[in-house]
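Next come the structures, one after another.
Two complexes are shown next, each including subunit A; its partner changes from subunit B in the first to subunit C in the second.
Let's turn to the complex of A and B:
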């Protein structure tokens, strides 16, 4: 009796499993579970200029223009754009586009969005930098809009790639919390919002009224797995189909694993060292070779900066620390980008000349320095600063290294507390005016210039060139000026470029992804192998 | 008469230490543990003369030697018997120096916490009343928090560094000594010799530290050895979480953390060998501690 009962149970359990498996297979075929490497800070697309948020927003929302995989602007909600006069852009909007709530997309939504962006409260990184140059909006007809800028400003189309369009039906000043709850999370994107669990996941369903190419996936589960090992393990175990930011330590092994497939491309993110230029007198983390106080800041001397730059063996860092997942850099952008300066290769490693330069600058016995860096922000950040510590110590600059957790680190960096420190910058616009204006232009909060120029490097000649570049309308002429400015900044060692990271995505071997230079992970670009 | 010759020679008087040593030697495992502990201690003390490389001197490292498997030879002829980590640090040297940090942090914090905790425990037991209540409630409060949580908070506040780790461990660990010392002292203080000492009108501190303390020592020694192992584990945990020692001066915990990232890529040696070193050290200390508890426990008199 007991035996028969057990057998019956076993049968029932097996049957149940079969049914379950069949159901799961059906759903799994159309469900993509993907893993993001950092928690998003909000579903509100205008809250925080932050790559993980941009990744999510690309599923739910569209911008007037989009960036293609190589970060060149392409048509999205705007079908075409042109300058009607020096200061006025006219955009023709796509017809027949619907929001997730069924409302039709018109010029009014564009005007509404541009009006809302600068007024998002408590934004930790405002999108106003993209809308600020636009001083006038004129709706010509429901599918034509004109944007007026104060001066000549050729970057309007590029800036607009960053601004997600939301429907004007949301009313005056929609709250960020209402986006997180899903009430306001309405866009024209290929997926519609289902639910958001902060720090864990966002669930999305395919939006069948989408104007563009239909995504393959019916359902997308956007998970947040910040731990590198856990993300890779989840991919290998099959729990997750698609992961971003494959750790360089695992990439080599994954390349040989038949179960997975990697997609990689050089990113727009430059990893660099900032040197304290804010003090003429002693800088906090440099002392003489025997620990004695110095009366001046050696980093103000161009020869010292150059010595520190050429003492770094960039190919060695790329090969050994980054395990090939980067390319050595001598300027902001990777080769092939608009405004990349071809005559500016990565500084060649030359320890002998570095020593000579130090001696010429009055430091024949070097000095002592502490190099700071985050230990949880950029790929291999703490390892990179240790390697640089080795290299600097070899030319007589006795280096201590300190890795600090990001939140603490960036707060101190913003207060100019360090002497030499590691940072990264992703040039979202894909051209050099963005890093020139943000990283090396003279710091000026009122003009919004040098916003992240933490070293406070300042060179009036460079500022003049940058001003000239951003007011040159002709693309070819502007590129020339941008290259000139880049060369000036690099020759003066405004900061020490190290490398451009490679972005690596990992996925099941039956999937493909078009690797993006801007680091965004988009489910609509993940498709089964044909 | 020859009767005198039949009288067996009186058994040699065994000193207390000899008896202790004989009883300790009963357990082969504990002796093995003691040998390992001594060996590790010698390694740690003599690290600068034994280790093939100074792993904390950046000038001696070369990233071109990074992640070499055990037995590889560097460009300048140094053999890495246990391989290298990502910075080209010789793992053998790293482990020897790491043991130095682990042991000094472990022993140092255990001794300091022991002195503070025992003193407070004795005072509580001897003084009684409000002083006892105040000290023991503080102990209860301290023990009600998980030690790792308290240590994390202290380090987040103070910042990294060996001295700060030690301070954090002392703050976390003193309460256990206090509790043990008090319970031992409560028993002892009702004994006749204390009464006798008090009748002689000896100063209170003298009764406390010359009469009471020595007789409370056995349980404190046992707690001490176990706390050393605990402190080493806690230090390794804190370093593993990135809150302990500086990245250029890795302890065993940080070495394991560095190697942990390579676990999926088959470079096992970066975390495996420091892990083994940590495991062996802690097991050895615990073996010694466990057996000490048996030997020093009068109720288990064999």
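Let's turn to the complex of A and C:
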């Protein structure tokens, strides 16, 4: 009797374990644990323009338009959009869309969102930069809305891809804290907010009332693991199924690991050198070949700028320093983007011609320069400036290199303290007007142009072309002008492009991911291999 | 006793004040948080708005004055990055760090003292020698490397323990703790071990040195001659005499384990205060940095106070104030 009882118990325990295991497998199979490489600063989608936040927001919220994987605008909550006159955009909104709280999505929500965006208190990086051109909102009917701009402004649809829509039922001025607690974290996105532990994770469940393609995952755990080694180890140990920003040093090894699959694409982030154009007289970090003071700034001479550009062996940097995780660049955007100029290849390496150009410019013996860069911001940033230092020294420009921590570096760069320095730029709009307006247009606070033109490059001809481009409504015609402007900037060596980074994601070998040019990691785009 | 406490308190307030001035000036010299936080696409007007919104357009002395005024009212400012009160932000992360630090210090006591006693009593035995050799590794290997090795061995190769994060938590006294759940304990094992390795080695060596020194003293011989059992001689008489340095070190180490668990927390993605402070320094989030340092100063002062009080318990000869 006793024996039988034990046997029965054993049977029950085994059965219980099996059931438990099956249930767990079922739950585990439908759960995606993913790792972000930087902490999010808020769940409030209008608080801080910051890529990790945008990644999270893409799960919970939708915008009127979305960016596809190649960063071209596609329909989302708006089904179609058109100019009704030069200054008015009319958007037809998708019908039958529900928010996570059950409320129906209408034009009212769009108006409410556009009204809130510029008024989020204490925002360290406001989304108002995307809504500012819109000066009037008119609700035509519940599923039609008109947006008026002050001047002709063709980029409204692109700017709207950055603005997450929230329901108007949240009341007047919903607080950022209430998004973090989940009370206000209500969108129309494919996942519903469950919980947020700052610095650790956000838990989300699939929203079954979602209007778009149903995501595979029932539950998503969005973890924050900034340490590169720890993130890779977590993927290898199987704790995490999907990680972003695979370090270039690990990518080569992971490619041969059977447990792991990598997805990569060329990013919209360009790494480039800025040259001091703000001084006609001596620039702080350039002296003559023997250390003597110079009476002029060599970087103002177009020939010197070109010499410095063609002295850089871009394919070598891409291959050796970046270990293949980049492509050489000759302009802002990677090939395939809207307004990419096909006749602008990366400048070819030519040390002999570089020396000749220097001699023509009056520097047959070169000069001394200090090249500055951050050492904790962009992928392999400190190693890149070291390689360039060697390449420049080879053409007679004796280069010393200084890597500085980002928080100090960027403050000094903003004060024009350097002569030549490395920076990066991600074009969130996926087209050239964005870098043209911010990086190379003449610095002009009144017009809001050239805000991060730290070298203070200025070319009235280029400014005129940029003005023309952003007031050309027709997409094809505008693309032509943008290409023309890009070509002008590059021919004049307004800055020295180096390479476009690649974004690399790592995941379990049984998963696939649609790699995105904008660096966002989205669980809805992760699916099992068919 | 009261004067002694009062003097300690005045010292503490002075230390905190000096520290805030240094942080204010230091961070101001390093750079501007707006440069780091703001969207690079923002134009000049938007930048000016953000500077004003965070109060950074005021002269530094005025910013400091406002901070002091707020501090007097219990408000140490709002984080520039998270838009939450700095104290609340740090308080939210504190339990994670506390439980990690307490576990690490407990481990170092539970493992370090017995091993040290053994090594001190049997210095020529194989185990005694191995322990001493191993302890050198314990505090000479860098934590980040040991952490990654622990992950490689126990999580990636063997698959016994999770590699990252905090795991499941349960509520006690209104706070979420992970030592209450099995999953949470599994997540805590590796980081706690990593954090305690150096401390174990330190406690072990101190204990051993103390035992070696005391075992030949007259009082030990006398106790033995009196016929006391060896266990009583070691555990009561010797222990009492060697504990003062050990307690001092444990106290100090507890403080620094809490304050500087940064490396372990980032390697194991442990969402504690250490990770918060390093992120905050990177983006120059001044309110959080100041509040954090104030808490740490307060913590060290409290721990030192407790250690001093413990001395009087352990050694009746110690007096807190010099009677003239």
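Keep this in mind: the second predicted complex is superposed on the first by the 505 of 530 C-alpha atoms of A that agree within 3 Å, B and C clash if a C-alpha of one lies under 4 Å from a C-alpha of the other, contacts with A are read in each partner's own complex, and residues count from 1 in each chain.
Note that a contact is a pair of C-beta atoms (placed from the backbone, for glycine too) under 8 Å apart; a residue touches a chain by one contact, two chains touch by 3 or more.
Just so it is clear, the structure is predicted and the values come from calculations on it, not from any experiment.
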item	value
Superposition on subunit A - do subunit B and subunit C clash or fit	fit
Partner, of subunit C and subunit B, that touches more residues belonging to subunit A	C
Which superposed partner A:177 touches (first subunit B, second subunit C, both, neither)	second
Contacts of A:200 with subunit B and subunit C, given as first, second, both or neither	second
Partner chain in contact with A:452 - subunit B first, subunit C second, else both or neither	second
Touched partner set for A:480, first subunit B, second subunit C, both or neither	neither
Partner chain(s) touched by A:129 [first = subunit B, second = subunit C, both, neither]	second
Partner chain(s) touched by A:229 [first = subunit B, second = subunit C, both, neither]	both
Subunit A-centred angle between subunit C and subunit B, computed on Cα centres after superposition, in steps of 10 °	40
Partner chain(s) touched by A:98 [first = subunit B, second = subunit C, both, neither]	neither
Partner chain in contact with A:39 - subunit B first, subunit C second, else both or neither	second
Overlay on shared chain A, then closest C-alpha pair between subunit B and subunit C (Å)	7
Set intersection of subunit A contacts, subunit C complex versus subunit B complex	229, 233, 236, 376
Subunit A to subunit C touching residues, read off their complex	35, 39, 41-42, 47-50, 121-126, 128-129, 132, 176-177, 180, 197-201, 223-227, 229-231, 233-234, 236-240, 376, 406-408, 410-412, 414, 425-426, 428, 434, 438, 445, 448-449, 451-452
Residue numbers on subunit C that touch subunit A, as the complex places them	30-47, 49-50, 53-54, 78, 80-84, 89, 92-93, 148, 151-152, 155-156, 159, 162-166, 266-269, 271, 275-276, 279, 281-284
Touching residues on subunit A, where the partner in the complex is subunit B	228-229, 232-233, 236, 247, 249-250, 252-253, 316-317, 320-321, 375-376, 382-383, 386-387, 389-390, 393-394, 399-403, 405
Complex interface listing, subunit B residues touching subunit A	58-59, 61-64, 66-67, 86-88, 160, 242, 246-248, 260-267
